[in-house]
Amino acid sequence: MSARADPTLMKEIGLFGAADVSACFNCGNCTAICPLSKGDTVFPRKVIRYLQLGLTGQLEESPEPWLCYYCGECSATCPREAHPGEIMMATRRWLISRYDWTGISRLLYTSKAWEIGLSLVLGLIVVMLFALLHGPVVTERVELNTFAPVPSIETADWIVAALMTFFLLTNAGRMFRFTMRGVKAGLSVYLSEISTFFVHMLFQKRWRECHGPKIHWLKHFLLVTGYLTMFFLVFVFLPWFQTDGWNVSSLFGYYATAVLLYGTVDAIIGRLRRREEIHKHSHHTDWMFLFLLFSIALTGILVHVFRVVGLPHATYYAYVIHLAVDAPWLILIVPFGKWSHLLYRPLGMYLVSVRARATSTAAAGGVVPNPV
Amino acid sequence: MNVRAATRVFDTLVIGGGIAGLQTALDLADLGLSVAIVEKDASIGGKMIGLSKVFPTLDCASCITTPKMAAAAHHENIRIFTLAEVSSVVRRGEDFTARVTLKPRFVDEDRCIGCRLCEYACDADVADDFEGGLSSHRAIYVPFTNAIPQIAVLDPEECNLCGKCVKVCPTDAVVLDQKPREIEIEVRSVVVATGFETTPMGARSEYHGNEIANVISPLTMERLLAPHGPYGRVLRPADGKVPDSVAFVQCAGSRDRSLGVPYCSRVCCMYAIKQAMLLSGSLPFADITIYTMDIRAFGKGYETFYHNASAMGIEFVKGKVARIDEVDDRNVEVRVEHIDERGQVEERRHDLVVLSLGMLPAADLRDRMPIGVSADGFVTVPKPTIEPCRTTEEGVFVSGTAAGPKDIVDAIAEAGAAAMAVSVYLKKKEPEGCAACAVTAGSDTP
Amino acid sequence: MSRDEVKIGVYICHCGGNISDRVDVAMVAEEAGKLPDVVISRTCMFMCADPGQELIAGDIERHGLNRIVVASCSPSLHETTFRSAVVRGGLNPFLYEHVNVREQVSWVHASGRDATAKATTLVRAAIARVRHHEPLSPIKVGASSRALVVGGGVAGLRAALDLAGFGLPVSLIEKSPKLGGRVEGLGTVFPAGESGAELIRTLVEQVSAADEITVLTRTHVTGATGYVGNFSVTVSRDTGNSSAIETEIKAGAVVVATGSTPYRPVEGEFGFVRFPEVVTLPDFLRILDQARSGGALTVNGRSIRRVAFIHCVGSRQIEGIHEPKPDCSLNLNCSRVCCTATLKAGSDLIERFPGTYVYDFYRDIRTYGRGHEEIYERASADGVVFLRYEVGAPPQVTEAAPGDAGSMLVTVRDSLTAGMEIEVAVDLVVLAVGMEPAEVGALAQTLKFPSGADGFLQEVHPKLRPVELAVAGVVLAGTCQSPRDIEESCASASAAAVKVAGLLTRGYVELEPFVARVSAERCEGAGACVSQCEYEGALKVVEAEVDGQTVRKAVVNGALCTGCGACVAVCPTRAIDISGWTLDEFEAMVDAICADPMEVAGD
Amino acid sequence: MKTDRILILASAACAYPGADAVGQAHLSYPANTFVLRVPSPVVFPESFYYDSFEKGIGGIIVMSCGVECPYEGAYEKLAARLDRVALGLREREINPRRLKLTSICTVCTKSFLKEVTDMNKVLAAEGVAA
């Protein structure tokens, strides 16, 4: 059965930020220059090829986009200036929208207006909720926990977290289904490879195999640690973290905000300068991601500073704004937007290793004839 | 030859004494027109004289080039200026005046008899560029076996001023205090035949062309294959080992926007196949691989040539080599996506790797003469289809690779076309005359 | 010439290893040097280079040589080179003998010992022959200054214009009713996108304005006789009312610009003929040229939204894979222009009819020329999707199911997608057909034009004499020689014109002196020779007074004799011979070949 | 006297370039072959063939242009002559297969090789080592 070429996918991927798919003349330079491209998982050309031919099914099944860390070497050396690195990036965006069954991802990625509009609506909802439901406003001193009682916030936290997790997990489930189409692996295989998932999630180990300076990896690693720290502070340790005084959790808060600020500012400057390959192309969702993350860090610091300095109103306003930017972040960007790569990337890596293990086991067991 | 007189008059100035310039000059001279060939090197012959054998006939390149060189040198209507560079061409009414700088040869051209006694006496060794730097010549030397003129030239950078050459010269031809001279040539038409240079070896940093000794240029491979070349056989430069595995990396200097050379250089596929065939002749047990994006065997008989190479066991791998590194024992590793039904990334080791470099224009004449040059650096041809040799300036024509990459067959055909265009142009300028009447041999011809 | 006057110089060329890799050239020279009257016997790296030539000239002067033998490559390459070197040494050029020890020795015999022995024998034979050589002079005959250009396509027009521009009278004949050839139907042409018809119009206007050019359309050659400088070509002009006018054109040289025709696929090849949706590229270019832009391209009332182009149809064929034509021939070679033309057509199609999807099935993309790679890039930018097939697995063209996105399906194992089988639905399939030589007809038959295995006319040597045919005075312009684009056709046409100009400006040509000559002493006037001669006026028996007696003697007209030698074989008294190719010479060579070289070595 | 030497009389217009083409293609054949370039083999009288065999030539291959011969009627005359020579050889008790007339074009490399191989087989059958 032959695969049917579909000429419309190239245009579709253009909406996700890949402008030059057709410029590729399939020389294979990108695939061969990439140190991560080896064995059975070769990219970016394979992905570009699926795009050129419009092989939507094959593309959905491809974990390869998640194996690329976008060092940009392929783009810098591409003889046709087809920007394969950016095509991989766009394909990741497209995949996120394919995994997402709600269609929200697609809206965010393909429409600036929808992304900004939805973010504003969510922010306004937060502001309105506060306007209607906030606790007593103590003006003599800063009493944030009175203005925004931890149990309420925690409840909201958990609602959001539940929603987020639901969408993320159902989408990840779809990714799993796409990627493992036609692959049979026993539970033991899945269990034996589970460490892969966590190692890659926490350390982005593969990135270190990329050529060139390791600084990009380091920056990203710090950003991830900062982000995860903040995540746990807010979702698990909120009662300790959101206090009106100082406690040891603040130390973690300092670290997290510092690396988040540094990371986002550094990325924003990079994207404005457009010197390195990874910063040459910016999709509107990239800007939104950085803007929200930067705003979260900045407003978080402001809340803390105002509270420490003892400015009650400023603290409360800053807090509302802080949560108003948190909302679109948590509700849009995390499950439906760029953040989700934090889940899909290690999951992709995990599924690749499961697939490899399954294939080799099957081959060894004589189920599938060894091709060699 | 007398080159002292200040001004000379010719019908045509041919800039460049490579195969295209020579062919144009010969065709013009056969029509009775007087021609001055200005060649920047010490010998005419251009790039072709350095080649081993040429596709698709596998004739030796010298066998084609040297007779044309000799014919030009002996032709009564042709004057050759070597070590001469055109510094400007200015239009004067219907005609042109070319200022030509004669670089010092430090040897009197009229006296030198090419006996090479000076060369044998000289102690200073210089890397021989003609041999790809793989062997050396003396500081005073006759450029190469078939050079025309067979006259010694002294390299002032490398000369240690010992004076031995002066003493041994039987005709007192060595003149150590020669200075550059300017002459003027008045002509009625000009042919630009300045040819090409290869893309630099270091153009693509991932290939480490200037850093790995066993990664060589195709012109060096030509010399290795030439039986009268530096080693007389094929050895790899780093350690003199006989290579068991040789690879050719195609499009190493063309069809690559990241190098600023988007165009196809037109000859690299065929010269690589030719070199591969010659190699498999001299090293019958060596594995030979050609890494290529598309094989462009488009000329008459070229496809059969390519097919024969495949049949001989030369391996063609579709895929652009992305990276070349030196590994153990001075071997060379290439990384490539093998674009076939398996579609794997492969790291393959070879003893010797040839970068199939492309063609860049050898001379930028924009500031020296009234002539249009395109974005690719080659001479602009405003109407390439039906007037392939006309430039933007009336009376100025182009021949060979100065107007874009070309193989020898096409360059020679175009050289003939340039000669035709020149002669028709001169005819038009002189409605009453005939070609034979228009003969105005060099004014200083004795 | 008596024996003691003969002084022979023998030169063995290394040919930069081409010869010396197999043949022990030093040993050959040594053996030759042992033979009587051989004064000099040398080897040289490159005999044809200036130092080698000067060596001969110098030795003639220094050693008083009067016979020269050079053993090197084929005489077709350098016999004339060495003859001119001999002249520079002050000797008659025909006191020279050429030995071919490259094409017929070193390149064909694997054993160095055998090759050396054979080369030695051949040199001995040449030495035996050269003793018999006598000074000869070329036969100078007046030449017509008119050039005949056969074929009024772009190459013929270019050549005619060049020759007329040089002041030579030109007859330009074209078999179809109008000048222009195939370029006119190409629409816009690469690299610059000019209109082909416009280019032709420019050239035709110039041709019409040139007084030197006589144009004859609807005219074809029916026969030709003569030789360089004096061809006589009969042409037949179709007047349209079933009567044809026969004329004779006297010309000094002939430019063959008969062009090429597109390959016509056989029925069923990629669905050709079987499906009306399958057309050739030239047909498609005509459709595109005549269509009005915007909306969708319409072909036979069907609107075309998706198009497949298939490359290398009738080109780059391989024995055992492709079906040969009825005459058992295959086109092994690349047709050179189809890649760029196809890509340009794809781009033009998309740009003129936005929303059209184009698929391109190729083996290698060969956009080699200046500005051609840009056309490939443009096609990519326009969204042409490329699929690559291996020669053994060409795309399959079948009918699509009703209601599919297109009426045809093209299926291929795509080597760019790891051999995955890909199928596309299209409305039109365009076959990028190769070029085949056009029928040259009576001209080629009567003047015996050589053609190569590919059927195209064969030049003497692609680099030494790239536009000349082995028939002296006949040159090649354009695609009758091999596939090429307009630029290359015009370049070759001008290059051909410059050779003709060089030939015809002098008013005379020099013919080779290898014609029959009669020994007056031996000839008894029997006339057997005359009965053998096919060339009217070349040979006759005349009566002459010798010592008061009327005797009959054969007499040769050198300008008309072709030197075939038919007369030589039948002379009962061995009175007639071909100058430079005498029976004595051949017999001397056979004697030398029969002498055992090993015995000679022991001498 | 019989040797393995093969004399090849090759027409300058077709067969000689054909023999060159064999070299250009770097094909291989035995070295007992001696090619004489002639304008047309029609030049040789019958006696030339008898004498050559007498002198010790093993086999003669006459490679003409065939019907493509650039000279009017030369091929027909040549063919007729060689028919007569064949009869003459029989009279002289020389195997007429030691003389062969063939047409070789400028690109007939395969035919050239075949003729050489065939003649060597004839000579081998005659008891002459090739």
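Which chain is which? They are A, B, C and D, in the order written, and residues in each are numbered from 1.
What we mean here is this: a contact is a pair of C-beta atoms (placed from the backbone, for glycine too) under 8 Å apart; a residue touches a chain by one contact, two chains touch by 3 or more.
Quantities reported herein were computed from a predicted structural model and do not represent experimental measurements.
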* To do: Write down the pair of chains with the top C-beta contact pair count.
  => B-C
* Asked: Nearest chain to the global Cα centroid?
  -> B
* To do: Mind checking the centre-to-centre distance between subunit A and subunit B? Centres are C-alpha means, answer in whole Å.
  => 56
* Structure fact -> Between the Cα centroids of subunit C and subunit D the separation in whole angstrom comes to 26
* Quick one: report the Å distance separating subunit B from subunit D, using the average Cα coordinate of each chain. => 44
* Enumerate the residues of subunit A that touch no fewer than two other chains. => 25-26, 46, 80
* To do: Give the residues of subunit C that touch two or more other chains, as numbers and ranges in rising order.
  => 365, 377, 416-418, 452
* **Set of subunit B residues in contact with two or more other chains** => 57, 255, 318, 339, 343
* **Interface residues, subunit B side, partner subunit D - complex** => 57-58
* **subunit B residues touching subunit C - in the complex, by the definition given at the top** => 27, 30-32, 52-54, 56-57, 59-60, 62-64, 66-67, 69-70, 73-74, 145-146, 148, 150, 226-228, 255, 262-264, 266, 294-304, 307, 318, 339-343, 376, 378, 383-389, 403-405, 408-410, 412-421, 423-424, 427-428, 434-436
* Residues of subunit A that touch subunit B when the two form their complex -> 25-33, 37-38, 42, 45-46, 76-81
* To do: Over in the complex, which subunit A residues touch subunit C? Could you list them?
  => 1-5, 7, 10, 22-26, 46, 49-50, 52-53, 55, 80
* To do: Name, in rising order, each residue of subunit D that touches subunit C in their complex.
  => 3, 5, 7, 13-14, 16-17, 19-20, 22-24, 26-40, 42-46, 48, 51-52, 55-57, 65, 68-74, 77, 81, 105-107
